[in-house]
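Common to both upcoming complexes is subunit A, partnered first by subunit B, then by subunit C.
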Partner chain A sequence: MATKTLRDKYCIVGVGETEYSRGSGRTTRAMAVEAVRKAILDAGLRASDVDGMLDYQGGDSTFAPHVAPDLGIRLNFYMDVVGGGSSTEALVGLAMGAIETGMCNTVAIYRSMNGYSEFRIGGTGARAAQPVRGMDLAQVPFGMRSAGQTFAFTFMRHMHEYGTTSEQVAHVKVAHSKHASQNPKAVQKERVTVQDVVGSRWIVKPLHLLDCCLETDNATCLIVTSAERARDLRARPIYVMGVAGRVSKPRVDFHWAHGPISRVAGYYAKDIVFGQAGIRPEDVHVTGSYDAFTFTTMLQLEEYGFCKKGEGGAYVSSGIIELGGKRPNNTSGGHLCEGYTHGMSMVIENVRQLRGTVDDTCPGAAEGKHTHDYSVGKCRQVKDAEITMNLGWAMPATGSALIMRR
Partner chain B sequence: MPQPVTYRGMALIVPDNDSEWKEYFAHARQHRLMLRACKACGLMRYPPTHACPWCMDLGWTWKEVSGRGTIYSYEVVHHAIQPGFKDATPYGVVLVELDEQRGQPTADEGLRIIGNLVKPDGVSFEDDTQVAIGKRVRVVFQDLAEHMALVQFALSDEAPPGHVWRLPE
Partner chain C sequence: MADYAKPLPEITAESKPFWDACARHELLVQKCRACGTVQYYPRGVCAACWSADVEWTPSAGRGRVYTFTVTYRTQARGFRDELPYVLAWIELEEGVQVMSNIVAVDPAKVAVGLPVRVTFDDVKEGFSIPKFTAA
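Right after this comes the complex of A and B.
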């Protein structure tokens, strides 16, 4: 069956974010308002041009019906979605669908979270001790509750089946820390070594502290509109070539219950997204493989076909994923080093890569003039980046993907 | 049924209308590991749900399994986030593939259950250095209340069927 596609008919025309911090000192509402406003201004739009809004959250944020009117935006469409990682790409697809049906014209998608100062992932203190009922009874009574604890079976089995090592995946942190050292926004700008990662304390074997992403307070926003509308706007339009949203393994709730657990959702998503885009992995110049953990980046890159299944460890430790390498991954530093936003920051970074206007310290960055000197504190713009791909991760069982071009 | 059952500082809540778990835990309290088997195709499943994931039939019966299996994957928690587990670190969580129905209905399938690797008393956690993929285990029951026991696993004295692997230190 031929893949249905809306390739090149929709664009991302605006991006915006607040600072990443460990203590914003304000509400998710205030942060969302700032990020949405910045994205609207980045697109060269006015509040009255935006008539659709989507957001995702896990009971930790402010809904669109509050954020939109705060900015004077009257909505023809909105939806507040439950979700974390892998939501961004899926909502870009839903925004395209909402516009395609005529429900609205231009959609702002945001994520706003006090992920450090209010709601930490997995819960701590009283939240970690809340009552356990329903399907949580299959895992939580055994001391398995946080994201790392829930995913670790997959990583451990992958190491067993394919010989993947801690040292190999540590290179993901090494690469992303190199990228973050060129990102003035990054919370963690220090470059680290493989030894720093494998020498850091255990969190849940096989994960060390530095295999785990940061937790931060932040809001992010993307603006989606039609290609026709995009042509008149301020920024260079970035075209959506393909999108796959929350593609899942046979059991979404218990990834470990069915099939080989070293397989992740990209196994199912790749044909959808590459089919729409009409390209192959080797055509992609920059990847944004979600780095909740070093392992998640590796697992997705191999599952989407950037290397053979089982060879992800060799791929991520080869230098390919570093700036200056053949196909850099998460050039902002990602969730391991820049800050944590449940995936949207990685799409924002790729939009800027395609525009040629990554916000590094190059004097002409805003005009797209870059040195391509990848030493500490310098450039992080990839030369002639034409196609990027984001691989969103919710958990081993669910993922989303987005291919964009300039 | 008296509510809730407290275990390691957690309130475990299995109300009378919990049509997935109530009988499963009651069977465990009788020290029997019972899974749901489809009345139409005969395949078992875990967790205990209301439809067959293989043929969508709604009919099921409880079927007892041996509780013997092999560790398919594992993790060792060093940084507990649940307050009741902080004094237990490092502790092993295991994914056990039961002997019954291995490789059915496809080569990649099996009945997998999560538990802690515990000592034969069913209560205290086994030393984390004992946890490894490929080791043989047997079910043990940790009684929590008159109507509820947790399903846990202890090392068995059987020889492992294949390669035993654990994360290099």
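Right after this comes the complex of A and C.
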């Protein structure tokens, strides 16, 4: 049976974000309002054009019914979703579905988080006070609390099975730091070396400090509408070719026991998303592979078929994923260097790449005039980027994906 | 023993027999009476055949390290004094995997495939936590 597809029928027409900081001094409500407002303005829409809203969070943010009124928006559809890193792409798909059914016309998707100053993903701050429930039964008594601990098992086993090294995956941080050095928004703009990464202190072996993403305060927003409406808007429409949302491994709660732990959900998601889009990995110009940790980027690129299974270490250390390489990954610097947004910023960056208007320091960046000089502090626009792919990852056993074109 | 500082699990209807057995220094896994499937992480149903007729059966408590990590930095209550400590998924001889700590082994000596056996940490009156050490 052919894959059902809504290819090219929906577009992302607006993107917006607040400053990425360590200490916003603001509520998630105020930040969400800013990000949604900026995305609406970016799209050239009026507040009254937006009648749908989706957001995601883990008990650390503000719901849509408190954000929409601050912008004078009356909603025909909204949904507050629980979730983390595999939500962005999934919610783009849900927005398309809500519009397709006629429930609403245009959806704003936001994520707002004080990920540094309030609820730290590493398990500190307010998050540490949460009670011990559900899966925690098997984890908390043994001192398992942080995302790093959850994810590092997979990397350890991958090293054992395929000979992957710390030095190889360190290249992900090296590449993303290069990209961040050309991104005025990035929290961490300094370029680093492989030695810097493997020489940084252990957090959870095999993860060093520089293998781990940042913790950041920010809000981000994407606006989804139909291709018909998108054609009349200010910005160049960016078309959704394919989307997969929260595709999971078998027995998602105990996935290591039911299929190799070094296999990630992309193994199952790839047929859905490539099937809808009608393309192959070779056709993708820019990737946005989730970098909660250096190796998460590698594992997904491997599983979606950008290289053979087990050869991810060689792929990410080959120069392919750097600006100037064949298929750059996370050209904004991603979660390792730009800031941690639970996936949103990686889709925002790819929308800007496809428009040709990434916000680097090129004087004509907003009009799409770029030098393509990838030295420190200069350009980060990929030349002739026509197709991008985002690979989102939350729990080690769950993933989402999004293919877009200009 | 009275001052155990680490978090204890919230005991549920499905997990109570498991923790009661731990107090007797027995490690239990669930086995389905209908299809024979062994499962770990206590559930109210056999995930293979949906039978609710699952029973507890003793494990020999022997297995191998499937994968592991060494935590050098944590905010987990009570664990900061023990850094670095080893978390591992252990593949039991019965064919299921359990999460635990590897104790009384130098973290630098822990490796995938290391043979291990269960040992019980008596944390308070009537409550013990299964841990693993080199076999």
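As a working rule, the second predicted complex is superposed on the first by the 397 of 406 C-alpha atoms of A that agree within 3 Å, B and C clash if a C-alpha of one lies under 4 Å from a C-alpha of the other, contacts with A are read in each partner's own complex, and residues count from 1 in each chain.
The definition used in the following text is that contacts are C-beta pairs under 8 Å (C-beta built on N, C-alpha and C of every residue); 3 or more make two chains touch, one makes a residue touch a chain.
Source: prediction; values computed, not measured.
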Task = Could you check whether subunit B and subunit C clash or fit when both are placed on subunit A?
result = clash
Query = Is A:V140 touching the first partner subunit B, the second partner subunit C, both, or neither of them?
reply = both
Message = According to the stated criteria, A:H160 is in contact with first (subunit B), second (subunit C), both, or neither; which is it?
response = both
Query = Looking at the overlay, does A:R37 come into contact with subunit B only (first), subunit C only (second), both, or neither?
reply = neither
Message = I'd like to know which partner A:H255 touches here: subunit B for first, subunit C for second, both or neither.
response = neither
Request  = Determine, under the contact definition given at the top, whether A:P206 touches first (subunit B), second (subunit C), both, or neither.
outcome  = both
Inquiry  = Applying the document's definition of touch, where does A:Q149 land relative to subunit B and subunit C: first, second, both, or neither?
reply    = both
Inquiry  = Output the subunit A positions appearing in both contact lists, the one against subunit B and the one against subunit C.
reply    = 122-124, 128, 131-133, 135, 137-146, 149, 152-154, 156-157, 160, 201-206, 251, 254, 256-257, 261
Ask   = Which residues, counting only subunit A, touch subunit C once they are in their complex?
value = 122-124, 128, 131-133, 135-146, 149, 152-154, 156-157, 160, 201-207, 251, 253-254, 256-257, 261
Query = Of all residues in subunit C, which touch subunit A in the complex?
reply = 6-10, 12, 15, 40-41, 47, 66-79, 82, 84-85, 87, 89, 96-101, 107, 112, 129
Message = Quick check: in the complex, which residue numbers of subunit A touch subunit B?
response = 122-125, 128-129, 131-135, 137-146, 149, 152-154, 156-157, 159-160, 166, 201-206, 250-251, 254, 256-261
Note = In the complex, subunit B touches subunit A at residues 4, 7-15, 18, 20-21, 25, 46-47, 53, 72-85, 88, 90-91, 93, 95, 108-109, 112, 114-116, 133, 150, 165, 167
